Amino acid sequence: MSAAPSAAQRRAWRSPLLAIAWPGAIGLLSGLLLLLVALPIAGLLFSASPRQLLAGLGDPLVVPALRLTIFTTTVTLLVILTCGTPLGWIIARKTRRGIGAGPTARLWRVLETIVELPVVLPPAVAGVALLLAFGRRGLLGPALGAAGIGLPFTCAAVVVAQTFVAAPFYLQAAVAAFRRLDPDMILVARTLGASPPRLLFTVAIPVSWPSLAGGAAMSWARALGEFGATLMFAGNMSGRTQTLPLAIYTALESDLRTAQSLSILLVVVAFALLVAIRAGARR
Amino acid sequence: MRRTTSVTTSVLPAVFVAVWVALSGLGPAIAAKPPSGELVVFEAASLKEAFATLASRFEKDHPGAHVVANTAGSQELRAQIEHGAVGDVFASADQRHMSALATEGLVVGPALFACNEPVVVVRSALGASLKTFADLPRAERIVVGAPEVPIGAYTLQIFQKAGASYGAGFAAQLQAKIVSHELNVRQVLAKVVLGEADAGIVYRSDAMAAKGKVAVVAIPAELNVTAAYPIAMLKAAPRPELARAFVDLVRSPAGAAVLREAGFVPCPGR
Amino acid sequence: MSALEIALQGTAGALSIDVTFRAAAAPLVIVGPNGAGKTQTLMMILGASRPRRGHVILDGTPLFDDERGLDLPVEQRRIGFLPQRYALFPHLDVLSNVGYGIAAASRQERLRLAREVLRDLDAESLAERRPAELSGGETQRVALARALASRPRALLLDEPLAALDVSIRRDMRRFLAERLRAWSLPTVVVTHDRADAEALDGDVVVLKGGAVVQRGRLAELAARPATAFVRQLVSGPGL
């Protein structure tokens, strides 16, 4: 039996009004937010019969969109992991405490901000920006054209658009995770003769693995849902550039049930991905 | 140096918050009820400029009235209305979507007010090599509207007719060159203007709106379809008087003149 | 005769460091208050931070010499380091930790050599354990084994006993002093604790504000403290 509450503890609950009001307030506020999030998802999942949903899945839009989405987001994720991990590492190393506020550190801090910019960029803006960089008349347009590469309207353009919007999520997580590493541990590894690549692969990445996996999950989710930039930069062509979100939007204007089935499909895919990454992170 | 830092950290956030609050105060109200005297017009994308002119004339004729335009593909506007969006007038680029709404009892007394003619627009650099409709398969990238979009449906009809006239091979070639199905006609136009697409099918009025930035190729009369634009008042219009007045303006000779200047044509047999 | 010769001038944050000493057969002990620059000096010897002037010479080989523009990176200096909280690799087991710095033909060979080092430190039974499961004293021994296994030519220890429970400190102190003497590697030990300095029985360098205030054996310092500060330092229980 625990000891009787102290005078201070008794004072805190002296007002019975507070005893009711506080849990009530928490309940109301959190309940509102939970409802706001749960109701649309429930509407999505339960407002049509399973037969209608299955019928919606029979639309010819569905399978190409699903395959394209899985393919492009996987490629996007691989690109982001391969390029983002070393970049995150360099940024973390070049901007760490103790390295001072010299011009190099400042440059890397600026680069860090630039690479995290797409997070706050509206997708439509991202689409325009991508066109202005890689479109036929964009900055790199002539060079790409000379090399025989036309990006807009291709599957590659989908990957580019997804990478542009999703990379910052992973990068932020990677930089934060690498920054959190014990500097003594890094130093010891170096005294034991670890070269920079060995340091990254045998110490930094394994130790930071859970955070990196979380960043990868967020990044993948963002790529899955990418719509505006894809529509503008890659176009909307079933089988080539029409990802699930684009298919949903296109279907919405003709058949709500198809759109609903596609939406549930996307939710299932996203959920499966998240579970897979969480499981990988816990390893 | 230190003093500047503390000024920056204390004054700057305060200024930022003040500006933010001031700007948000100028925005529209968060609830659905718009102020009286505001007329909401759901208009097809191709009507943008013509209706902008008509809107200012309307505001001059009806002091205190303010026209708010909701411009999008007709299929999108129809979906919005079906899902309960609040508006006064709907002007569609085809009769299909308007009839659907009429059947559902969501619009009152639709009537045709203008017609439009699809044309091919070609990006300016290619203007010399793509001169006729028969040249169209030479384009590497063709952009059209999605089938649900009025211009997309018209395009499908045109391509079908082309297949009948020029042979299945021609139609197949065209199909193979399509790289995107845009969700309203202005997106099609934009891609051609930007130079990303070689050619696209839009309305003559759109080609006029982009005068100088694209080359225009007429579609042979035997292949072409006429786009008929109906306009109607929404059943649940919050300002039926104003809505009726606006529809009347659009259908009046003055309105027809504005539309004609924008590239629309009077409908045959009217 | 292997020796570590240090002459360093530089800045670490707001502190100006100016240190010279030589560590040879017996461990050199650096003592001083917090903020004296002890750890920063270790960082400069290791190559983790760059002094403005001076040299670091190990067994006659220069590792850092500003006059010649020489600055070997950390990975090539072959100086073992034991940080204050030991910093074992949490994702590897003890054996892999110890084997991390061993250059060997195969993984098997590396782990076999690692096991030998653990045996020398009476820690072989810990081989399969994970760092999170170890006690303070066990962690310290594993960290020592890891540093030694890479066959360094010098050893730096930063407050090696401070993270340990007071109750086991006496035994660990004796253990450490014995082993350091046996290995006869040039060793620098930073410490707060007078008992550590006594047990290690080597030259003592007193650091304050980044500069050497006095050096000599502990007995000399106690007998002839150069400043009131040194007297206070060597007379009290804690340094």
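Per-chain numbering from 1; labels A, B and C assigned in written order.
To be clear about the criterion, a residue touches a chain if its C-beta (ideal position, glycine included) is under 8 Å from a C-beta of that chain, and two chains touch if they have at least 3 such contacts.
The structure presented is a predicted model; accordingly, all values stated were derived computationally and were not measured.
J.: Return the chains common to the contact lists of subunit A and subunit B.
T.: Neighbours common to subunit A and subunit B are absent.
J.: Measuring between Cα centroids, which chain is at the maximum distance from subunit C?
T.: Here the answer is chain B, farthest from subunit C.
J.: Which chain, with its centre taken as the mean C-alpha position, is closest to the global C-alpha centre?
T.: Answer by centroid distance: A.
J.: Where the centres are mean C-alpha positions, what is the separation of subunit A from subunit B, in Å?
T.: 34
J.: Which whole number of Å gives the spacing of the CA centres of subunit A and subunit C?
T.: 44
J.: Between subunit B and subunit C, what distance separates the C-alpha centroids? Give it in angstrom.
T.: Roughly 76 Å, centre to centre.
J.: Enumerate the residues of subunit A that touch no fewer than two other chains.
T.: none
J.: Applying the document's contact rule, which stretches of subunit C touch subunit A when the two form their complex?
T.: Listed in rising order, the residues of subunit C that touch subunit A are 46, 48-49, 73-81, 83-85, 87-91, 100-101, 103, 146-147, 150, 152.
J.: Within their complex, state which residues of subunit A touch subunit B.
T.: Touching subunit B from subunit A are residues 131, 135-137, 150, 152-153, 231, 235-238, 240-241, 249-250, 252-254.
J.: So in the complex, which bits of subunit B are touching subunit A?
T.: 73, 75-76, 78-79, 141, 143, 146-148, 178-183, 191, 194-197
J.: Spell out the part of subunit A that touches subunit C in their complex, as residue ranges.
T.: Contacts found on subunit A: 98, 182, 184-185, 187-195, 202-203, 206-207, 209.
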